[in-house]
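Note that the chains take the letters A, B and C in the order they are written out, and that residue 1 is the start of every chain.
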Amino acid sequence: MINEIRDAIIHYLASVMKKEDAILALRYSNTPGVLTPFIARNKEDLNSIEAGFFHLNNLAVYLSEFFQRENQLSKLNGALYIVCKPCDAKSVMQMISDQQIVADKVKLLVYACEGIADMKKIKAEIGLDKDYKTIELHHAELSLTLLDGTPLSIPKAKVLADKCLECNGEYNISLPYVFVGDEKKWKTNASNFGKIEKKVLLQDQKQGKELFEQLKSELSVCIRCNACRNVCHACFCSEKCIFDRPKMTVGFLDKEIAPSDNILYHMIRFYHVAPNCTACGECERVCPQGIPLSHLYDYFHRLMQESFDFSPGSSDSIRQAMLSYRLGEDLA
Amino acid sequence: MDRTNTVIAFVCQAEKRKKLISALQSKYSNLRVIPVICIGKLNPAIIFRLLLKDAKAVILLGCDPSDCHFREGSFFSERRFFLLKEVLKGFGFNDKLLNIIWSNPGKDTSTLKNIASFMQYLNESHMEKGA
Amino acid sequence: MSDTQKNSLSYLISPAHYFGGITFLFLLIQVFTGVFLFMNFIPYVSEAYQSLVYITNIMPYGFFLRTLHRYSAFGMIIMCLLHMLRMYTTKRYLRPRDVGWITGVVLLFITLLVTLTGFLTSFDGFSQVVLNGLADFFKIGRRDFQSLLSINYGLHLLFPILIFVFLITHFSRIARPKVFPPSSLSFLFIGLMVALSGFFPIASIANTPELGSSNFEPMRLFLGLGIMTVILVILAFLPYLKKQKSIYAYVDETRCTGCMYCADVCPKKAIIEKQIEKNNQSYAVATVLKHKCQGCGICVGACRSSVIQLENHKDEILLEEVRKVWIEQTL
C-alpha cells in the first residue's frame, strides 16, 4: 500500500516535472526508519522519493526558508512542488495567510496518508536498550530486525502517532492542488479513523496550582535548544525572534536556564503561535528532552475554535483570529 | 520592600486620568503607575515577564471599548488579553493576579473601587507565584 | 477583509459614536422622500404652486412626505452639529484627522446651502416672500423669475450629489467607519421622525402667491450667508492653530518578516507593504505612512518580534521604566 502511493507520486511527478522545477520531498537517509528532506532537481532524483508511514517531517517549514533567504531556490524559475500529507497542507495554507510564502510559486501535492509512526512508541515497544537495523511496514504490521538479528513484528496500530488517531480527514485547501490517491475514499476512511470522540486534555484533568507544579517540573528539563521554535512553521520570525535580540533578551529572558525562565519562554511562545498553530506535532517530535509540547498546545487549538470560531490552516486568505474583532462578543 | 511586593499598573490615556493616578500613588505605596498612550500598545510578552518574575501583580487599565480615542485599541486588546489570561490558565498560573479593567477616564470612582478591592485581595491571600 | 462586524443590539457603542451615522441616515431619508417629491413637483412658475397643492392635498401620503422631508432636514443639521461638537470636545480634529474635519466642515456648508435652496423651492408663504425680494434685488420681473426658480431648483438637486462626493473622502480616512448606526438606533430615529411628522404636520401652504409688496431685504440673506461662510472657514483651520507634536510609528526594516499583522490592526490603514531589495532579492516589509499615522501604537502590540515601535516610547523604554522601579526599591 505504501509502495503504491510512493510509486503513484513518482509517476505523477515524472509526468509533470519541467526542467526548471524543483520538488521538496523526503528520501531515505543512513539511519533506518529515518527520512531526510531533499530537493529533487531532475528526473533521476525522483526515484529516491519516499512517502508513507515514516513521512514524519512537516515540510511546510522549509518553504519559508526558500522565500525569506537567499539561496538557489529563491531564484527558482519554475515551480516548487511540495509532497505533503493532508495535515501538512494546512500548515502551508496558514503560512500563505501569514504572508510568509508566495502562493503562485508553490504547487501542493497531497497524498492519501495512512498515518505516521511515532518513533518514541516504537522505541518503547522494542525496549530502550535495543536498536534496530531494518524497519519496514507491510500492510498493518511493522517488521523490524534488531541489531542482534532477531526479527520483531509490531501491529501498526500500536505505534501510530497520537495525532493520527484523532485525524478526522478534514482539510480545506483553497489553492490548486493535486491529490495522489483516491480522495473521497481517503476522506471517508480518515473520518472513521479516529475513535477518540473528544480529547481529554491535560488542562481538563488538572487546574491551578497542581497543573502549574506539574508543568514546572516537566519544563524544567528544557535546555532551551530552540528546536521546537526552529521546526515550527508558525514561528516565522526565525532569526528576528524577540528572544534573540540582545536588548530584548535582557528584558524578557535572562541568560540562565532556570525553571521560571523556561515557563516564561514557553508561555510567550505559546501566546505568539496559538493563532497559527495547526497541531502538526513537530515540536513534540523534535524535542530532545521529550517534553509533550503538542499535547499542551491542544488546549489553545480548542480555544481558538470555541472562542473565535477560527481554525488555523483552514484558509489562505482569512487572517488569524487576533487581527480582527467582533462587536458584541462576550469574552469571559 | 522587595520587588515581589510591587504591583505595576499600566494606564492608558494618562493625561485624562491625572486625578486617578495621583490618588492611587498617594494611597498605595507599592503600586507603580506606568502610562501608555493606548492600552493596545502593550506587548503581552512584557506582561508575562512581569507576572512570572518581577511583580506581584499587574493591573491593566484601558478605556472602555465603546470609547477608545483611537477607535479600536480596546477591541484588539480585549482579544489579546483574553488569550493572555487563557495562556496563564492553561499553564495553571493564577490568573487572578492579572486585573484587567475597562473604564473610561471619567469613571474614576468605580475604577478606584475596583483597584481597592483588588489590592485588598492581594494583601489577604498571601499568594505565592503560580498558586 | 477581516472578520465581520456585526452591529448587534446587545452591545452598543456609546450613541455619541453614531452621530455621524445618524446624520447619514437622515440624508438617506431626505434622498428617499426627495425622490417622491421630485417626481411630483413642477418647477415652473405657472405650475409650481399647483403641483405643491397636488402633493399636499391630493397625492397619497404627500403631506406626510413633505413634513418628513422638512423635519429630517432640521434633524440632519442638528445631528451634524452634534457630531461636530463631539469631534471638537474629544479632540478628534487634530492631525492626522484634519482631512476628515475639513471635509466635514465643507459638508456642513453644503448641507446648510441645500437646506436654504430646499426652503426656497418649497414655495410656501415665507419662501415666496423671499423669492419676491430676490427678484426685486436682481431686477427680474416679478411675474417672471423662472430663471431664479430654475437655478434654485437645479442647485437643490446638485448639492446632494456634491455631498455624496465629499462623503467618500470623509469616510475614506477611517479604516472601519461606522457608516450605518446599529439597527436599534436607526429604528429609533426613523420612528421618532415618522411620529413627529404624523403628529405635527407643517403649516398648510399659503394661498396664491402675493405678487405685491415684499418687505424682505435680500441683503440680510447675503449677510447671513457671508457670516456663516466666515465662521466655517475659521472652523476649517482649527486643526492648524496649535502647534502639535506628532508621534509616528516606524518599522525596523532589517527585522520585519512581512507578515503585515500591524497593517491589519491599524485603525487608520496607515501601514502598507513595501518591497525592499537586499542581496539581489526582494523582500516584503511593512512601512508606515506618516500622514495617516495617529501615533496610537496598536501596531506595536500586534507585532510579535517588536519590530514596529513608536518614536518616543519604544518597548525597551517601557522595560527600562520597570527596571527603574526595581532599582528605586532596592536602594
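Please note the rule applied: a contact is a pair of C-beta atoms (placed from the backbone, for glycine too) under 8 Å apart; a residue touches a chain by one contact, two chains touch by 3 or more.
These figures come from a predicted structure and were not determined experimentally.
The touch graph of the protein chains shown is complete. If you compare A-C with A-B, the chain pair joined by more contacting C-beta pairs is A-B.
Taking each chain's centre as the average of its CA atoms, chain A and chain B sit 37 Å apart. Spacing of chain A relative to chain C, judged by their CA centroids, is 52 angstrom. Looking at chain C, residues 13, 265, 302, 306, 315, 319 sit in touch with two or more other chains.
Each of residues 242, 251, 272, 321-323, 325, 327 in chain A touches at least two other chains. The set of chain B residues that touch two or more partner chains comprises 44-46, 72, 76, 80.
Those residues of chain C that touch chain A in the shared complex are 1-8, 10-11, 13, 255-261, 264-265, 279-281, 283-284, 302, 304-307, 315-316, 319.
Considering their complex, residues 12-14, 17, 90-92, 174-176, 247, 265, 267, 294-298, 300-303, 306, 310, 313, 315, 318-319, 321-322, 325-326, 329-330 of chain C touch chain B.
In the complex of the two chains, the chain A residues touching chain B come out as 203, 206-216, 242, 251-253, 260-261, 263-264, 266-268, 270-272, 274-275, 296, 299-300, 303, 307-308, 321-323, 325, 327, 329, 331.
Those residues of chain A whose C-beta lies close enough to touch chain C in the complex are 68, 70, 74-75, 98-100, 236-238, 240-242, 245, 247-248, 250-251, 272, 319, 321-328. Of all the residues in chain B, the ones that touch chain A in their complex are 44-46, 48-49, 52-53, 72, 75-76, 78-80, 82-84, 86-94, 130-131.
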